[in-house]
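Some structures are shown below for you to check.
What follows is a pair of complexes built around chain A, which joins chain B in one and chain C in the other.
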Partner chain A sequence: MADIAAWVKLVPHYCEIDAHTLGINAETAARCINENTALLLAVHPIVNCCEIDGLVGLAERNNLPLLVDAVESVYETYKGKKIGSFGNAECFSMHASKLINGFEGGYLTTNDPDLAEKLIKMRSMGVLEDGRTIPHGIDATMNDVHAAMALASLLDLPAQVERNRMRYEAYKHMLGSVPGINLLAFDEREQCSYKNIVVRLSAEWPLSRADTLSILHSERVIARPYYSPALHMKRTTYPTIAGDLSLTESLAEQFMLLPCGYFVDDDDTALIVSLLRFIHDHADQITRQLHQK
Partner chain B sequence: MKRINDPSDLAINGAPPAFSERLHVGRPNIGNHEAFLQRIAQVLDNQWLTNNGPMVQEFERRIAAHLGVKHCIAMCNGTIALEIAIRALGLTGEVIVPSWTFIATAHALYWQGITPVFADIDPATHNLDPEAVRRMITPRTTGIIGVHLWGRAAPIDELQSIAHEHGLKLMFDAAHAFGSTYHGQNIGRFGECEVFSFHATKAFNTMEGGAVTTNNDELADAMRLMRNFGFKGYDNVIHPGTNGKMIEACAAMGLTNLDALEEMFTATRLNYGIYREALMAIPGISVLDYAPKEQNSHHYVVIEIDEHFGPTRDEVIAALHAENILARKYFWPGCHKMKPYRDLFPHAGLMLQNSHKVSERVVVLPAGSSLHPDSIKQICRVIEMLYHGNRNHQ
Partner chain C sequence: MNTTPSHPTFGILGARPRFNTLLVGDTTYLPAPERYESIFRDIFARQYYTNQGPLTSQLEQRLSVLHGMRHVVCVTNATIGLIMAAEAMELRDQVVVPALASTSVLQSLAWAGLEPIFCNIDSSTHQMNIGHVTDILNQNRGAISGILAVNQWGSICDAPALRSLASRFGIHLYFDSVHAFANVVNGASIGSLGDVEVFSLHSSQIMGGAEGGFLCTNDDALAARLRNIRSSYGAGTFTAVAKTSNGRMSEAQAALGLLHLDDFPQLQSRNLALLQRYESGLEKVSGLRLLKPSDTCNSNYAYVVCQVDESVFGMSRDRLIAVLKAENINARHHPCLEASLAYIAPEEDQLQHSVDVIRNYFQLPLGVDVSVHDVDQVCAVLAEARTYATMLKKIEV
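Take a look at the complex of A and B:
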């Protein structure tokens, strides 16, 4: 995300997150606004949504555009209102790993007709039908094979969400008996995709996350650190602004994204959870062996 | 098909159009449908849809072997491929490009914060004039992007000399030039790198897509990282990047079309020949030539209309459109007259007189391997009648 800002010659100014939602909020974003701020680029976390109504108010008060990266919030709602309808525009991905899969691809949603018209012109090189041009054209048209795949994926969406819910319920049920691992719960007052299975390793968990991931990977369970390292910790070839992001840094060490999606069935879930339980129950021995290596 | 024996048979004079369906420039060349669908089934069976899958890897290997170049890095489209190549080469400041080209060449630079500086063309070849390139070099110039327009190679040797002399990086926009040669060697092997578009309108297509080809190992590594957000391994980002990946379905189309390349180019060559024979005798019309000693896809049928023809170029386009023949001006009025460049260089036209003249004369006619020879003959009859109609009127 920071690369994209830099790609168009903007300077990414990283913002602290909210410990409850794991996303940006109006208070953390307000601290970063200054006379050079051009845009608020909010990201919904991969489980539930950030406090988007607060950000809409902040953007309005400061006369700043608000663009939302809603890649992991497809199908979801915030206070009963569909994600896709907030801010000036919301941005979605149709990568093969996403809820609506179009091989690759993406789309923007907006209620602003002028912005929509401008985006439609820009995506075709900015060349209008009469040969005139508008600035900032680029080739971003989606081709028909992406659309065909995404349409097929849309047909399957309700069934897919139901499969996700069953998988989430299975993880929730089984992980309940593993000490030190807390599943991030979907807010079921809202419409949820139940797509991502994210766990937090609490103080009770006896191993570091790095060691835990290393053991899982050696068993071919490709769990991932949930946003680690945080973007501001990465070396870049372009200028960035960070400041105090201690909460982000602390939280970036605590979460794991567990395998999920179409190919993970109940047996896989049971195996993954039993592996985690085994790691917990044999932590001392495993740690000794790991560090001997 | 209607008979065209008299000016009154033309649609601009009230007759029905020559074609019931619209004929487009850049009709797609498509290989064997069954083979394509089999590959798509294989993609679904592989359960690997994107992120450098087996189909993309095979496609890259085959393109590199076909062109005789070390690396082919497949991308989601030609414009992103241009942007990534420009960034990987470290171009900054000003880069010299022709104005008489598709706007993507200039846009790719502009999105990277680089100023495209437009150099004039040789009116005989439609490609960059090396002397014009020399005139546009300033202390801020870091590179030259030559364009092989209509698949005819840019003056590669001369541009390479200039680049060498001034310490500039030379790359090529080869969007039109898949299947072309320069001094008998395949386009794709010249300069620091060459950038192809495989858009559906191109001679060789992957539905949408592009690639950069290069013999430079380091440059290839950088571009492979940049097209996938700079990721090296699972969570290790070591380069600024974007999403420029080609998907498996597009590679499947590419492989299918690669199998049918000879057949498709034979058809486009024959179609070009039919056009040329019918049009070359009409006064005021010249048909763009392809050097017989070089290979070319013959995908573009480009004519120039001068004052001896009678009706102006724009009148010809209007008359053809009335017949449902959607001929195009292509690149008119030149990048330097399009936004935002016309505001950057309001007087650029003074140095771009050949580009301007050519942009006022060119018409690109419908072509492609799927166009039937009878349709081509009918298009030529319309053009011929436009000439005779004007003579009779005078």
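Take a look at the complex of A and C:
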């Protein structure tokens, strides 16, 4: 994401997140706005949404465009309104790992006809009628084979969300009995995809996240640190601006994304949860043996 | 009762077109449905859709054997490939490109923050004029960091001369080989003409793969950089790069690429037969010159390009295209392939020769939807258009 800014010669200025949503909000973004600000680039977290209406207001007050990276929020609503309808434009992915699998690819949504027209031109190399090209035109057309796959996925969307909900319910039910592992709850007042299973390791959890992940990986459970390292910690050759992001840095150490999606059935979930319970119950012995190695 | 007209009828004069439906050429070739179905069933069974999957790896492997290259890096399309190449070589400031350059070439330079310096093309081949490249490099020493050569129309530019210039001036040389898939020079498939070569698998090319592309290089460090720029999947050895690009090829693209690769030899020989038919059919049409693949290379024969000499042929290129269009013959020139024209100012005297050449070429239909009989008909129309040029030139369109 920071690379995208660098490709268009902009400097990423990282802002702090909201501990409740794990996303940007109007207050954390406002602290970073100055005379050099060109754009607000908000990202929805992978469970629920950031407070997008506040960001829309902030963008309007500061006369700044607002672009939303909503790749994990295809199906979500915010206060009953569909994600995709906020800001100047929102960007979605059709990578195979996303809710709508189109092999690869993605799409943009906007209600601004002028912006839409410009994006359509840019997608096909930015060629104008007179043969000149507009800046940042690129070959970004979606091919028909990918589009066919995405259309098929779209047909399956309600059924897929229902399967995701069942998986989420299973995790919720089973993880309830594991101390120190708190499942991030979907806000069921909104429409949600129930896609990502994210847990927070609380103070009660006896192992570090790194140790927990390495045990899970050695049992071939592919859990991922969510998000680690935080983006601003990554070294870049292009300039970036990061102020005090201590909350982000601390939260970046506490979450894990557990296996989810089409490949995971109830038996897998039961096995993963029992493994976590086993780790919890034998934490002392496991830690000792791990660090003796 | 029918009366025989004193001259052939032309669609542009209101007669019925020679072809009932548009003779397109360039039509997207798709492999037989059962093969297509079978390879896609396997993808769905594996449920491995992208992220350097088994088919993408297999395609890279087969292409590296075909090209005799140490490294082939598959990408989502050739434009991204060109941007990645410029990024991987860390080019700066200016790059020499031919006066006949596509939007893809020019936008790739813009994304990489580079300025194009145009050089002339030879009128007989449409390839870069080496003398002019030499002059440019002599005059601009220092600001130019690379040459982006284009292998135009299924033929090859003078790569050895460009290589020696690049090494003399200590700059990079890379190739847009979008038109030159599987061309063979001195018995070897191209791919190693410069530091990197970029190929396209766009459906309009002879070798299709749902818009994919690939890069060839024999430079291990450059290959590692390209793979790390492409994305984290299939990156191999970690190499620090400035920016990544999300340039992955999907398994769907790789599947089509693999099927096309199987069929390429048939498509190539079919094209050659059609091209030879065009050659003999147009031999006696004065003022019209068919560009022939350079004799140093074995072409993919994917392009039929004609140069019009208006003073001899008797009408302009654009009028001739209109005459052919009215017969449902898809004669054309692509604004996208000559995007450079919009950037060459009239006061750039040195380049006006190339501008004239570019304004007087057109392409004729060639591809899976074109038969030998079609080619004969097209050649007949062209011969008649030449004979009646004076009349056709005058009519109002």
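Operating definition for what follows: the second predicted complex is superposed on the first by the 286 of 293 C-alpha atoms of A that agree within 3 Å, B and C clash if a C-alpha of one lies under 4 Å from a C-alpha of the other, contacts with A are read in each partner's own complex, and residues count from 1 in each chain.
We take it that a residue touches a chain if its C-beta (ideal position, glycine included) is under 8 Å from a C-beta of that chain, and two chains touch if they have at least 3 such contacts.
As the structure is a computational prediction, the values presented were derived from the model and not from experiment.
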Have a look at chain B and chain C on chain A after the superposition and call it: clash or fit. clash
Now for A:D3: first (chain B), second (chain C), both, or neither, which partner does it touch? both
Give one of first, second, both or neither to describe whether A:R200 is in contact with chain B, with chain C, with both, or with none. neither
Can A:K234 be said to touch chain B (first), chain C (second), both, or neither? first
Determine, under the contact definition given at the top, whether A:R277 touches first (chain B), second (chain C), both, or neither. neither
Quick check on the superposed pair: does A:P225 touch chain B, chain C, both, or neither? Answer first, second, both or neither. first
Touch check for A:D130: first (chain B), second (chain C), both, or neither? second
For A:M149, select first, second, both or neither according to whether it touches chain B, chain C, the two together, or no partner. both
For chain A, what residues appear in both contact lists, the one with chain B and the one with chain C? 3, 6-7, 9, 95-96, 101, 103-104, 125-127, 131-133, 135-139, 141, 143-146, 149, 236-238, 263
Which positions of chain B touch chain A when the two form their complex? 47, 49-51, 76-80, 102-104, 107, 110-113, 200, 207-208, 229-230, 234-235, 237, 240-243, 245, 247-250, 253, 329, 332-333, 338-340
Would you tell me which residues of chain A are touching chain B in their complex? 3-4, 6-9, 95-96, 101, 103-104, 125-127, 131-139, 141, 143-146, 149, 222, 224-225, 228, 234, 236-238, 263
Chain A partner, complex, touching residues on chain C are 47, 49-51, 76-80, 83, 103-104, 106-107, 110-111, 113, 203, 210-211, 240, 242-245, 248, 250-253, 256, 335-336, 338-339, 341-343
So in the complex, the part of chain A that touches chain C is made up of which residues? 3, 6-7, 9, 95-96, 101, 103-104, 125-127, 130-133, 135-139, 141, 143-146, 149, 235-238, 262-263
